[in-house]
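Working notes, beginning with the structure itself.
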């Protein structure tokens, strides 16, 4: 059953992937491509589609992980402040005009910010030799508020131009995707995915509670730590690749849970594939619907995704997590 | 307006520039924190930002008139000032062609009609000169793009002074079909439209470095191939007396 | 195996523990459990039964003393290895996530790469839930829930089982079946069991019981020796007595309590 | 009051109920409870005990039939009025919010403007928690938790109590004390009690028991009449027997089950 | 004990209130006021301080209510989408330039938006004759995403002026406070407070679970509905008075729970007083610290509040809800 669901979703994802490549704002016929078409296909569309898929996968999987680890249906990859930390440090770079790493500057500072916040949340969530869900959650919310408002403070006392830029970056943007960043993103996100899939049994056990998880042979603190790390890797990389993109991390796991149940061994891969396919689709729509303008994909994800989610919610009788 | 207002507060950088150009420096009692041109404006007392100026600060300076624009000052603020019986003037003009008229109105409100007419005429003359120059060249219009910020790609769209300036110079802004003034523009579309000239606003940061990667990505576009990429100052960002300088700067590049 | 019989599987040495600074919940306890031992753990509410089981399973860390599983500190085992040797079934089963019954029971296999013991289906059969593998746990009655987790324990198939009031919420039939099943496991596979329980009538069927009070052991031994009027009075502060009939049956007399 | 004795306090008439479309969990049940009646509700896991208590308390709405409290539909009462007449104690007590013991017990007063029955302190005394009024519920053992909620029920002091396995997790002393307390309430105040339970040895102390199976009543009456070998076999599918000794004591014989 | 805590907090609140009136960005000596001082005091500071207190009280109390009703520590007054609905409809008014109700337009449209969303969330949360926490929560999140992204869409395709104003509205801004709106806000917020305080026992019971609440004599659906209404009244009014102000609704209830425990009968009034005093203080600081620049109070609340919250979190052993 769940094998079938994964396969079907994979097929849908591939179709979306190909459409994003060849349809786009204008259709490219793969068999009759001029120089310009090739250029657009390979240096613009391809990296962008890949980034969309990576970011979507990272967010979907991170959301599924965090909702389980924190045992809270409202958790999403940004709840722990990782994105506000990343935005803050990227904004520092933007506003101060530091540009020493060239085009890597923003992604790099964002990733550093994300990592720093992850460590900080970890420190606050730590007590008696381990991470505790309620602490992680509250600490994350507190830090998130702090960084977010420092960012806002920066923005409100900086020049208007800076404000506009920083806001745009926070809205999430995939248009800057090019090949140079993909290898780094790929490494972090794929390793995050591998860790989390290999830890999906532990996640199931942790959802039952610490006592069960312990009895079933998991080191609760180690597993929680590993899952936290995998989430931080993926979220950090995704924020530095594409900014903050809402909806996917929070609601794709719920949609997948409606569709395929609560078992993390299925839920994590499904949320990853679903997140990737969905972001790719949203980006395709966002750049095609009002050409030559681009609508940020974070906006499109929520505009198409929310009605579907609400429809599922009305239909379903059993709600999860 | 029986008497000429002696204590003026400007709530917008463009208004401040107009006031300075009209020689009203002495009568300005305060400006916003964003007013950075001319250099002397920075020394004036401040009343806060454009979108959230401090009501208390404005009131305590006892201004005779507060100058605002529709481009950046909240309408609610004007209402608050009026309910506190403080006189306001709102500058509604937003297009290049409307600027001279706007300046004349400001001048008559502030009792410097003659000076304002002079300034407005100067601007009008320059605009008309450029207009006639271009009506002579009835050749194929060249395509231009004005990049405000490269990552993500934000360009000057329709309804901006920049767009007006490009038209005036006889060029076609490829972003004029977008729906908003400063749209986020598709890179694919830039390649498709193949602009012949690209302007990049210099802004506050080192724009040459920041825009490196976008230029690399559109390297095959004629503008980049032929080296027709120009960095221009921020003269055109504000609808004030400096726009003329900005247009001339652009015209200079295009020669 | 005969040697193993003499070696204790689980051994607590001078173990003490407190949750909050001031009060010792477990107070210098020592005892050991051998292969094939089946111990009923009795004591008043709050006497420390659950705490002792949690300590033995390695979830809680003793403040002083040590707890050995097969001669090694229980805390020193890799978690998976420990889970193959020892299984702990908690008292409170407050699960709000709608896992399916078979998913939950299947989690008993998590410590293993190859399923070594009984299958999920067999375990469901044993607890009488073979008709509800696809039910959501959140839709079951509390006795059924308890049985789901007992099935999970069976699937995990460890050599020592620490069961915290597994009889709670079970109907009489499954109380009996569970007891039979555990005795069979003990006899056939030499599995050791410690079980906290409150039903003294059931405790009378045990070979060995341990009575605790305020974190200290009052006595360990056969029900005959331990569940005397005096000891029960001491442990629970209540006057009850075990009545024994000629041909082996024994039961609790509540005397004049009702 | 003598008249009231004849009038049923609670009456179920042809009540049926299903959670999910297909399966009837309560199947056309009728019975009534009079003043001062104390009924033990017995039945296998999943037979519908909890569901029946929830229906009786008005939390669930029957699909067919009606449930009357003092001659009026239980669903038609204003909630506060109903809470003064009837109190339901749930089976699962999964509270994660750290309320204090005295706060929780005090909630029993919520239906009242003026405290009418025993005080919080007296109730805590009755369940042996008078030393822990300021403990957080999340730091108590499960038996202690159960007792907190029993104290809450006592404070609420309704005329009919629907108790879902209140003995679960209680130690023998508090089992006895609770039973004594309830009998006292029944005798002194004419309170009616229905209590789901699994311990047949305790059920033998009741005056009246009700045996249910798959949502239907198998029988209601004295333990002697109802808890026969055949009926128990029918209800639980297990061979056990009640043994009776000459001078009144009775107990369950597990026969050859162990 | 709790009486003492409430009294102390009240005293602190009064001190803050007076400081906000007389200290401000420049000190006003109450005994020697000129015409201008009087003008500033009565038509600028006074209404602003009153709005800050009202908004803060509304948010603090709403947060305490929602965390209980939804049984989720991450709930805040904005989680159900009430603020995004309000912002969206205010933004519609702003963008379309409708100004038919003069300066009431924005607050009025915001309030209408908030009410419409509350109804919608209620409809989605409704099933079998009542409101269900998990449904309310998920429906709220879905709707919140939807409205927020429609707002973002509007902003990204509209003119710049609209963008800036809508963004500011979302950031929350008390500077426009004047007497004209206060009576309306007062009515809604005070009635919300009265309902919620009178329902605080029910909230306690609902936190224990529906079965307990029922047995203790509460109509679970009616009580949930009343609490929901009181929350919607207060949140709607607060959004329309002061925009979206973060931190208070989420973390003030947690701080109060750390300080005074989980009992809603104490928690709701304490969260209200605490929220009011805190927002008043934050606003005072926001307008005084960089005079004449005004820092939006939502930013200040988080910048001072988060470190205190994190400090409490590290110190406390028992965490609530």
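The letters A, B, C, D and E name the chains in turn, as written, and every chain counts its residues from 1.
To be clear about the criterion, contacts are C-beta pairs under 8 Å (C-beta built on N, C-alpha and C of every residue); 3 or more make two chains touch, one makes a residue touch a chain.
This structure is a prediction, so every number in the text was calculated from the model and none was measured.
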Required minimum of steps from subunit A to subunit D, each step between chains that touch: 2
Distance in touch steps, counted as few as possible, from subunit D out to subunit E: 1
Chain located farthest away, centre of subunit A as origin (C-alpha): D
Centroid distance [mean C-alpha coordinates] between subunit C and subunit B, Å: 79
Rounded Å distance between subunit B and subunit E, as computed from the means of their C-alpha atoms: 38
Centroid distance [mean C-alpha coordinates] between subunit C and subunit A, Å: 44
Centre-to-centre distance between subunit E and subunit A (centres being mean Cα positions), rounded to whole Å: 29
Multi-partner residues of subunit C (each touching 2 or more other chains): 94, 96, 139
Sequence positions of subunit A contacting 2 or more other chains: 156, 160, 290, 293, 295-296, 319
Subunit B: positions in contact with at least two other chains: 49, 52, 72, 179-180, 182, 184
Every chain pair in contact, whichever chains are involved: A-B, A-C, A-E, B-E, C-D, D-E
Residue ranges of subunit E in contact with subunit D within the complex: 201, 204-205, 207-212, 214-219, 222, 261-263, 318-321
Subunit B residues within the subunit A interface of the complex: 34, 49-50, 52, 72, 149, 151-154, 174-175, 177-180, 182-189, 191-193, 203-206, 209-210, 212-213, 217, 220
Subunit D-facing residues of subunit C, complex: 19-20, 43-47, 50, 91-92, 94, 96, 139-144, 147, 165, 168-177, 179-180, 183, 198-201, 205, 232, 236-238, 240, 243, 245, 249, 251-254, 257-258
Subunit B-facing residues of subunit A, complex: 24-26, 35-36, 39-40, 43-45, 94, 97, 99, 102-103, 106, 156, 159-162, 164-165, 168-169, 173, 175-176, 178, 287, 290-296
Subunit A-touching residues of subunit C, taken from the complex the two chains share: 54, 57-59, 79-84, 87-90, 94-100, 103-104, 107-108, 110-111, 136, 138-139, 156
